[in-house]
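Two complexes, one shared chain (chain A), two partners (chain B, chain C).
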Partner chain A sequence: MRTAVSELDLRSTASLDDALRILRDERRTPLAGATDLYVGLNFGTLPQRAFLDIWAVDELRGVAERGDALVLGALATYTSLIRSPLVQRRLPMLVEAARQVGGVQIQNRGTIGGNIANGSPAGDSLPVFAAADAVIVLRSADSERRIPITEYYTGYRATVMRPDELIVAIEVPPVEGRQWFRKVGTRAAQAISKIVVAGVRSAKPSVAYGSVAPTVVRVPRTEEALAAGAGIDAAVSVLETEIKPIDDIRSTAEYRLRVATNLLRRFWAETA
Partner chain B sequence: MRYDRVKFTLNGAVRDVAAPPAARLIDVLREECGLTGTKEGCGEGECGACTVLVDGEPVCSCIVPVAQVAGAEVTTIEGLNGEHPLQKLFMDEVGAQCGICTPGMIMAALSLGPAPSLDDVRTALAGNLCRCTGYSAIYRAVMKWRGMPIPETAGAT
Partner chain C sequence: MAAVGKSVARKDGIGKATGGAKYADDLTFPGMLFGRTIRSTIPRGRVRSVKLDFDTAGFTIVDHRDVPAKNAVDLMSQDQPFLVETEVRHMAEPILLLAHEDKEKLSAARVEIEYDEEAPLFDPEQSTQVFKAIDIVKGDVAAALAKADVIVEGTYRTGHQEHIYIEPNGVIAVPEDGGIAIYGSVQCPFYVIKALRCMLGSAHPNVRVIQTETGGGFGGKEEYPSIIAGHAVLLALKSGRPVKIIYDRVEDMVATTKRHPAIVRHRTGLTRDGKLVAMDVDVLLDGGAYVTLSPTVLSRGCIHAAGPYSCDDTRIQGRAVFTNTPPNGAFRGFGAPQTEFAVEVHMDRIAEQLGIDPVELRRINALRPGDRTATGQTLRDDCSAHMVLEEAVKRTDFTRKRREYRGTNRTIGLSLFYHGAGFTGAGERNLKSKARLELTLTGVRIATGSTEIGQGTRTMHAQIVTDALAIPYESVEVAQPDTSRVADSGPTVASRTCMVVGKILEECALEMKEKLGGLTPAEYYARSGGLTVERMYEPPDWIQWDDNTYLGDAYATYGWGCDVVELEVDPDTYEVRPLRITAVQEFGRPIHPALARGQIEGGTAQGMGYALLERVVMRDGAMANSTLTNYTIPTTLDMPEVDVVMLENPYPGGPFGAKGLGELPMDGPAPAVVNALRHMGLDVREIPATPELIAACGTIA
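And now, the complex of A and B:
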């Protein structure tokens, strides 16, 4: 049954300083585009009752270059990433991922900060950020820290973020090499991934998978095999021992492992 | 129960409604404003039946808290007054059978640019599910609205 909205305590702010003060003083779940949280609300599976609406905090919306990093505001929507010439030039695999999230309506509302905070192992942007060695910027009322995305998740939907912190930005260092992204779901649009993968082809290739573990994962042993020139067959053999997908509502372990290896082959062939 | 005043522009006129801030936009539109043209399908942002425009961009009104449209311009199917050429084309091309997906299809299609390819139309409507009319008639209506030739492949549903 749907959660009664009258029981929900939704407080809105348009100021980042305000938001951080409120999170210091009150236990509230940040809410932005609501594309995940309101699904839980509609199905009565939402455990939280108090929310902080940060959708209007425009200072978290920008996309910019700072030093040599590409800095994406946490409230950047998928649509804004698709339209951004800077993201198109520096991180085309993120544009590709953003195009495959939901439909246009979801792309207009879903934010990358939300994708990271929601922490689904099937989150479409997460392999991109993992493959690009992105850093999540967490801010609280009195501190700021930078956590590599590969150290951000500690388990299924569990993260190092404290309740008084907010994801304010994602910093992406320069990505050297050809970028590649592929998502496999039940249909092209509006599907949650059975397998999602992002890769960067360079002298030190990086490959990250979603939907094969409780969190997004890099596959360092497979990357090493590729970097050492071991050949794609050898790299695939390594990958088969490195990831342990599971059976769940969306797919089976067997299917996922097979598709994960096929996608590694395709990544390697298409970026040659 | 806490009600807030939320002020926004609805189909060109200023509305000031009393609603819990976490109320879903679709419920406020249908129950407070009496505009039942916006339909609820899945309630999880998957089917697009509840699509409305907020500041010109299509969104699923079943997953938008009403507090977030304060100060915004909201356009629903009623805002087209039954006179929009796209509405007429949906009728002429039989782009509506049961009609539940139709308001959302039309609102989503409105965001298309002037000379869309069939692929652009498919992408714009990728978030809208139809389970009975068939997509070919819908795509035909949208392509005709934009004065675009209809490729053979539009027949594939």
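And now, the complex of A and C:
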């Protein structure tokens, strides 16, 4: 552990109202499953010193249908999503994604709120939510905002969320059409995505990629080509100009672009 | 009651399973400080100034001027300092040591170092500083090449590999009456003693090293612990208090040794029907910034570079060279995984070019008893190349599958390999290893410097002594290696701990048995008191070796293996999914079948990681992916079932016929994987064969 733990200041609460009041009055970083935060603590790369543990706020844990939306509490863990009959029925691509997150320990502890707030472009749930037109519900002590996930990120690990806000839920409208998900990690398990794709095949297809840009991205021009019936080859040509992945320690721009196009083809073939 | 050949309970099993076993970081001593190493942040240059940017109260601070005698790690050469004086040769080179009783204060301390930077050298092919050159000549390769029907050439590359022992490096130096004790996670306690004697000189004669329970080594704790021990001792001497230095994973990966990257070139002449007539091999190893063990890694690599094949005219040239990267060092296989990768991939390319089945090509050329190796060694009856090959081919239905998988995204490939056991050539004779057996009230105690690092040393040695003495296994205990108390049985390396040290112990036990004269240990003890037997290793008398020409009997015996890997490649993502591995290996005779199987399964997994996943990303001369997240070793989901087949062909010079096994399984997986990929039309000549590399090598059905 490279961070001086004795200097850390941790509060915890089991009430959402309490949590939001604390965040209004004090500068504290929320801590849910701590699976991302702990990595930063271990490497000594985390600047924050004051934390608010919200793990016990049970009201943020549920999965329910409200109106025609599927509402996922921010503290829903991967394990709870995998087990939820509602999620299995309405959003199977999220179950698929959740199954491939880390290992069982991480699935038990990691939350979707944490995955979204952490904002890594490799976050595995993000393309699913982007392809499903999900809306992030942000709440503070005195207001609530609903932000479509495609407008939530402003840059690499930067979001519109204010320090006094919490993600309380993710709302997923009904998804029409066949859902598809594919993660390409650095190995078969316990892997960070080198590229991750979610797609929905309908009259208006949607496709979202992770790990090809500073944030999760939808590819609207490619989607238009697919919707217009231009054929997969034409859509692939559009995709090649629409994303600009980079080289990093895990992979190369060339590989990412090639695999992104291959997976577009596979999505299209397997959902035909 | 015989123990040999049975999977008896591990001597270290209960302690490890219940958490009772004590590793270095489990130990504390009164007044103990924690040590930290301040390292260079440039790959090459000179230290201009060192500024301590913190309140130094309560800190012990050590630099090169605190070294009592010689600031040099005494290994094969004395070129590596414990602490930089002015010249920096690689990233993460130790410059300054700090100790404090509070870990948090210690890690918060800031040290500013200014440098005069120089242009670093990273490319071994550009290096003109040669640590060691080897030239092994048998026959006349130029003449033979000139007469060959066909010549096949190729260049093959292998990358760094990190050991990833589960327990990172760590030691504690404890001042004690009239001397100093070092407790640590080490493979070779007597190497540490040698290094400390040189560093300390005659003013500090009483040094002892105690091996704590060790969570894996794989060669990574062969030479490196000498450096950490030196650091801990310097801090302990200066502070007069015990000092513990435990690396975290990042520091361990960035600073400590790795497997040597290699570039191996082959130029091979054959007759049209596939008989090898000339093998010209050139081996280049990237040694990193200091010599460490590079000369012997190069030697083992070169000796194995022609593969397990018979060819009258061979020439193997090798160089280990300097670069401005952290020194590379010992790693399971010791140069052979690199060179055997090259020759085995080359063999499949030859088969392809000649239109010969790769199994047939190996049948034509594989060594048999009576054949001469590249060093001119005439093999004896314990040569099993054909036996392992035929068994693997039959067991996997190789030929049929090879045919059926063609044109699909499934494929199969094999490799044939061998590994010399024990030190090279005259090495074992020069080592003069000793082992000791001590009578106890209830049985005997084994007292050697051989370390249990997870591979089963204690259990296997106890089995050998049990059967040689004909006493119960439970009455044999194994002393914790403490250099002041045990015999120097040589380092725990080179697949020698069973075959060589086990043999000395067998002889000790036989001598003791004679001395007991039919009494049980308890009876003897009651009548005559204690009894100690110590013996020295006698290598077989027929071993002839010339260290100048590298000709002669390189090893007393070899283990033999044939690996078959079946795998699938995802045509869209180029991800490789191994489906089944068959590892047929002959290593004399398994003393403990379950442990032997563990060595084969583990070594095979390590070899699969080497083949497919484990890529050390070097940036500016430092490992950029120094975490377990980004340096990916295989998980259980990346490893298929390994069908382990242990064939027997006893070596008369080993205990109960045993040869060495530790390194052998590391040699086979990588070429088998790449040969499988080749059968799919992917021209891979480099490892790790990551999806990124495979994508650039062709398309898949």
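One rule holds for everything that comes next: the second predicted complex is superposed on the first by the 271 of 272 C-alpha atoms of A that agree within 3 Å, B and C clash if a C-alpha of one lies under 4 Å from a C-alpha of the other, contacts with A are read in each partner's own complex, and residues count from 1 in each chain.
Simple rule for what comes next: contacts are C-beta pairs under 8 Å (C-beta built on N, C-alpha and C of every residue); 3 or more make two chains touch, one makes a residue touch a chain.
All figures in this text were calculated on a predicted structure; none of them were measured in a lab.
By the touch criterion defined above, A:I106 lies against chain B but remains apart from chain C after alignment on the C-alpha atoms of chain A. Using the contact criterion defined above for the overlaid structures, shared-chain residue A:F43 touches chain B and also reaches chain C. Contact with neither chain B nor chain C is seen for A:Y156 once the two complexes are overlaid on the shared chain.
Applying the stated contact rule after C-alpha superposition, one finds that A:R2 touches each of chain B and chain C. Shared-chain residue A:A189: touches chain B and chain C both.
Where the contact sets of chain A with chain B and with chain C meet, they give residues 2, 5-6, 43, 103, 188-190.
Residues 104, 107-108, 248, 250, 571-575, 577, 613, 617, 624-625, 627, 629-630, 632, 634-638, 691-692, 695-696 of chain C are the ones that touch chain A when the two sit in their complex. For chain A in complex with chain B, the residues that touch the partner chain are 2, 5-6, 8-12, 31, 34-35, 38-39, 41-43, 51, 53, 55-56, 79, 102-106, 108-109, 188-190. Chain contact summary for the complex, chain B toward chain A: residues 1-2, 20-24, 27, 43-46, 48, 51, 57-60, 62-65, 67-68, 70, 108, 111, 123-129.
Here chain A touches chain C in the complex through residues 2, 4-7, 43-44, 103, 182, 184, 186-192, 249-252, 254-255, 258-259, 262-263, 265-266, going by the rule given at the top.
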